[in-house]
Amino acid sequence: MAALLDIRDLNAWYGESHVLHGVNMQIREGETVTLLGRNGVGKTTTLRTIMGIIRQRKGTLRFADRDMLPVPLHKTARHGLGFVPEERGIFASLSVMENLLLPPQIAKNGMSVDEIFELFPNLHERRNSSGTKLSGGEQQMLAIARILRTGVRMLLLDEPTEGLAPVIVQRIGDVLIRLKERGITVLLVEQNFRFASRVADRFYLMDHGQIQSEFPVSELGQRMDELHKVLGV
Amino acid sequence: MLASASPVTAHAVLSARGLTRRFGGFLAVNNVDIDVYQGEIHALIGPNGAGKTTVFNLLTKFLQPTSGRISLMRQDITATPADRVARMGLVRSFQISAVFPHLTVLDNVRVALQRPNGLAHQFWRPMSALDQLTGKAEGLLATVGLTRERDALAADLSYGRKRVLEIATTLALDPKVLLLDEPLAGMGQEDIATIAGLIRNVARTRAVLMVEHNLSVVADICDRVTVLQRGEILAAGDYETVSRDPQVRTAYMGREED
Amino acid sequence: MTRSEINARRLAIALGFAALLAAPLFFYPVFVMKVLCFALFAAAFNLLIGYTGLLSFGHAAFFGGAAYFTAHAVKEWGFSPELGIFVGVAGGAFLGLVMGFFAIRRQGIYFSMITLSLAQMFFFFCLQAEFTHGEDGIQSVPRGHLFGLIDLSDPLAMYYTVVAIFLIGVFMVWRFVHSPFGMILKSIRENELRATSLGYSVARYKLGAFVMSAALAGLAGATKALVFQFATLTDVSWQTSGEVILMTLLGGIGTMVGPVIGAGIVVMLGNYLATTGFPVTIITGVVFMVCVLLFRRGLIGELAASRFGRKFGLSRWL
Amino acid sequence: ASASDGKVKIGILNDQSGVYADFGGKGSVEAAKMAVEDFGGKVLDSPIEIVDADHQNKPDIASNIARQWFDTNQVDAIMELTTSSVALAVQAIAKEKKKIDIVTGAATTELTGKQCSPYGFHWAYDTHALAVGTGGALVKQGGKKWFFLTADYAFGYSLEQQTSDFVKANGGEVVGSVRHPLSNADYSSFLLQAQSSGANVVGLANAGADTQNAIKQAAEFGITQSGQRLAALLFTLAEVHGLGLEAAQGLTLTEGFYWDRDDKSREFGERYMKRTGKMPNMIQAGTYSAVLQYLKAVQKAGTDETEAVAKQLHEMPVNDAFTANGTVGPNGRMFNDMYLLEVKKPGDSKKPWDYFNVLATIPGKQAYLDPAKSGCNLVK
Amino acid sequence: MTMVFGVPLPALLGQLLIGLINGSFYALLSLGLAIIFGLLRMINFAHGAQYMLGAFTAYLLLHFAGIGYWPALVLTPLIVGVFGAVVERFFLRRLYGLDPLYGLLFTFGLALTLEGIFRYYYGASGQPYATPPSLAGGTNLGFMFLPNYRGWVVVASLVVCIGTWLAIEKTKLGAYLRAATENSTLVQAFGVNVPVLLTLTYGLGVALAAFAGVLAAPIYQVSPLMGSNIIIVVFAVVVVGGMGSILGAIVTGYLLGITEGLTKVFYPEASNTVIFVIMALVLLVRPAGLFGRE
């Protein structure tokens, strides 16, 4: 089966600084894959490049058998890609509810608002306050919830557990597992290693803007040494 | 505890009584008492939205409490403006990283060093007056492991490195009391170990109050833990005691294995 | 700084100095003096926009206000020129304090709008106040004797006095910006909350910079009143505030030399267009738009960013 | 005899792109050129040249240009000078440089008062003449009770002050006045007050767009229909044209010139019209007169040397398309007749630019301030 | 006669009504300004010039194409709005990522240019524009004579203001726009075509100014300077209302018109400064403006 997301020799730049040096990645429909790596190796950059936010890019980037390089940013989502940015991107001038309803729905199979509120009761309680008045963790919840509504085929999550209380981290883990059951594909960037190993099918290890190695969750035990070296886990 | 404040504990460096803050109809912090002692690391934990950052904002006077009293080294600072509080030696870091993006990493630290070294108001002296701070700044960068990025613009650092830089500027002020809001969030494992060690070092001669969701670090380095929930104190004590509290477990920690 | 940078810098300063001294041989002294007054005005304005990020749309109030104060002090009270200028500067600084008190409470665009409105209030005050003589202006202001010695009615004496004032003023801006205080201003501009948490009283720093800028703008206005021997409503109108922005933008926001070059060009353009029959406002407007779209860094800023500029490290001292 | 530098140069310095551009502007430059042609293009065998510049209403630009003209461009005289701040500044420079200036564009009496110059002249009109024309003459026409709408700054006050003096001197009374801010857009509040004041004349002591808007809105509120009369204290043909007769009908105003008054003025008006597409107002015709008179004075003096020409200008009577038998006072004031004019109804206007009925002629000596009382120190 | 503070009651009522009429212009203009600011984070200094452009377009339509007031009322906002959209598309768009002051400076230049062009071709004294015959004359309200046209101005502005407010606040459009001003990239990443939205918004703001211009043409002289005189006051209205607050702009616009009207009765000399005084006071007490959010 062809990969849903097929990346070959992807390069990306910030102005003159070359950050991604030929990334290769193939993710099949329904997989949950975690991208690991130290600070500053280019994980966020990879997600932003896939999403089309970074336009200085070269290489092959195919999603659902379509060449994504020429697709303008505002059409990327319509092809079924959803993004939760690292800095969360909550809009200060919008209420929680407005933030939640902001991204246009792509497909019918997204979560309903009620389901979301059940998942994150805090959001329900604070639904009328303005976006950035939320606590850091609440903002993180909102950022995730917002994308769950749209019904995308593939989620790009950048450190979704940062700043969340352990209970919530667990709950998000449950959500990811449920998403997997629904057949949704996830590419996850994570520092929280325990969390990542609970939800992921496969890992990519990144260093210096390149994929260093790749292994399924079953090999995790054997790879601990390598991880230790690269990540300091 | 009642709204009428009990007397402020004498030997606490930073202490608050009956701290309360309302946002419109929403009670974000409700009647919180907290004491931070010299030489200790005190953790403030709790579910998201419990009011931890708000407590920080109140203690540092970035927000004015609706009621309650705060004292810093036996001085009442309930009505003192934020910048004065900072000058008195109570310094905070931010949950969402706060650096000066278009200054270099070195200058970020030097700006922080200026005030404690009496170089804040001089508009008649040349910039080279700041050169005397360079050595100190470089030393700080070395402790946190930012030497390589010395001349980079803060804006170009990756997220995790920005957090490290923020810790460095905070330490530059040589504060007596340090309030750290999730200092380790977004950091990679290798930095977590370094910075946690650094915090422990720093705390030997100072008082530290920190918010952190990384419980292994909390268990590791914190002497005392206060758990906040819905703006109120749910439990307090050492980590062992608190982590066994069933209420804390359901509200915050969740299942053991994670 | 490398050696070639230091040499380039010394050379540039020497050339600039020589040009100032020799200018009356080639240009009309009054014209050069006008350029210098506006250059100082623009430098003062740049102190605020370039180094604290505050765009004031009301700087004409300080410039024109000081011109009125000086003109009045010299003509009606018989003050000596140096005392007259002092009155102008003090008046400018005081206006700065009052306007700043309201304006610094807001940032960015809000700040601009508030300064604009307050300056407009001051304009109406000047229009109606007795001592400004309405639209006639205060005319025939005597230049008098500087320190009771130097007769300023001599064009060259006046010229070199203006040069001295200009140099002192620009040096003050330079020193102010490149000082520990300036560094704090820069960091406040970057992140106010963080600066507060480091213990800096943001409001006071901003107010300090605002008053300093107003005082220097006042110095420029006061000097202009003596040069032209009149003070009129033109200098307090919001168009003048717009003009000083244009000068700074054209030359390069946040550079030392930019505002001076910008002032020279704008003043020259005004004079030149006067006799060509081109509609001045259209040209000014177009220059504004082109600058914003194509040379946002201004002439000097673009030069410093060019290959040549980087070679000599121009951005560090232009 | 010949001109000192082989050339006689006259500079027309005025607002060509700003708010007063219609008032004088390029039209004044054209009028000046007509005067040169009418004079024959040469004086004392030297060619005559007109140069012009747009001072943009900025006194500093004006004074830079004036200095440059005098010092390096051999300009012998500067004329027009719209806006009082500019006129006063340039007159001060001309005085210092011993050069002649003839102001036709500015209204302030200061020019021939405290700040007068032995080489400075003021042609065409001033606030005093406007006040006498509208204030004095209108009272005689039956407008006894006045209400003023005054622009809230010095110019407005002095117009109101001087006008009401004449109103009172002629047996009228001032029943009220209201001060409006400069560049005010809406006059309805003030017009309502005027309407209820019981006055039969509403005097507009303001200028330019302020006056235009006030007149337009007065028509809207039916001020004139209800029997009140509008009198604009500073308003010219150019602005009436801009407003249109529909809105301006019935308005009373004073000018120093109206093209359709006699054969001479008609002839001049039509020639000017051919060149510019407009009829001249008093500033443009006044500039024509000033240039012509200056050339005559040079001719008579046999030199373009300032003292001699100034002497001639003070002595020679002025007779041209602009005025007949004008004289010049020791303070530089030129005494020309002023006309009290009424704007025609649209139906009564027979041809293009046929805008005014002449209600009265005010002789120059009555219109202007007696030089002895002007405060000018040149008057013994 | 009943007196209020020494002023006859009917006169006071008249002045209140007049104030409301002037407020109509303030409200329309500040609404457009607030939309552009609130959604594009840009101070549209050219707003006054665009208002002037509206009046002039109506005048030109009449003069050269014989198109009368009523069709012009619809056509003009369209034409000027498209002009605005073009300006946004080709120029303003390049300024979005930058400090908002560049937008301010660009539109300042645009204002100077537009004003200069019209001054060059049409002179400063302006052009006449007649009241449409269907609205000529006036009605005696007992306490004052109200020109019919002015009554129409109040009605038209109220309808347009409320309609626009509803369209923005009660639809998702408003949320998109506000979000886009904060982080346009992210909103695009969600699948919204932000560039087109921004163009339309700017066009809308400009069209509102043009609409006010057409309304103003029969009352004020159609003059190149009509915009620059009013724009600074409108800025102050927006600051008082709370920048970016659309409702704030509308309400403050009317309130200020009325306040100004009353000042004209009690102390006319201050009627042009009263807004600035109010502004200073409001800023002291509520730095975010009356309706602004901190």
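Order of writing sets the labels: A, B, C, D and E. Residues in every chain begin at 1.
The rule is short, and it goes like this: a contact is a pair of C-beta atoms (placed from the backbone, for glycine too) under 8 Å apart; a residue touches a chain by one contact, two chains touch by 3 or more.
If you're wondering where the values come from, they're calculated on a predicted model, not measured in any experiment.
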{"item": "Joint neighbours of subunit E and subunit D, given as chain labels", "value": "C"}
{"item": "Longest centre-to-centre distance from subunit B, chain (CA-based)", "value": "D"}
{"item": "Between subunit E and subunit C, distance of the C-alpha-averaged centres to the nearest whole Å", "value": "33"}
{"item": "Chain centre separation in whole Å, for subunit D relative to subunit A (CA means)", "value": "76"}
{"item": "Whole-Å gap separating subunit A and subunit B, where each centre is the average of the chain's CA atoms", "value": "29"}
{"item": "Centre-of-Cα separation between subunit E and subunit A, whole angstrom", "value": "44"}
{"item": "Residue list for subunit E, restricted to those that touch at least two other chains", "value": "116, 119-120, 269, 272-273"}
{"item": "Touching two or more other chains - residue numbers and ranges from subunit D", "value": "17, 152, 181-182"}
{"item": "Two or more partner chains touched - positions in subunit A", "value": "none"}
{"item": "Inter-chain touch pairs (all)", "value": "A-B, A-E, B-C, C-D, C-E, D-E"}
{"item": "Footprint of subunit E on subunit C - complex, ascending", "value": "49, 53, 55, 102, 105-106, 108-110, 112-114, 116-118, 120-121, 124, 128, 238, 242, 245, 249, 279-289, 291-293, 296"}
{"item": "Parts of subunit B lying in touch with subunit C, wherever the complex brings them together", "value": "60, 62, 81-84, 86-87, 91-94, 98-103, 107, 110-112, 114-115, 119-127, 129-130, 169, 173"}
{"item": "Footprint of subunit B on subunit A - complex, ascending", "value": "14, 17, 38-40, 44, 86-87, 122, 126, 129, 133-138, 140-141, 159, 162-171, 173, 191, 193-195, 198, 231-233"}
{"item": "Residues on subunit B engaged by subunit A in the complex (per definition of touch)", "value": "23, 26, 45-54, 95-96, 156-161, 182, 185-191, 193, 213, 215, 250-255, 258"}
{"item": "Residue numbers on subunit E that touch subunit A, as the complex places them", "value": "172, 175-176, 178-179, 181-183, 185-195, 244, 293"}
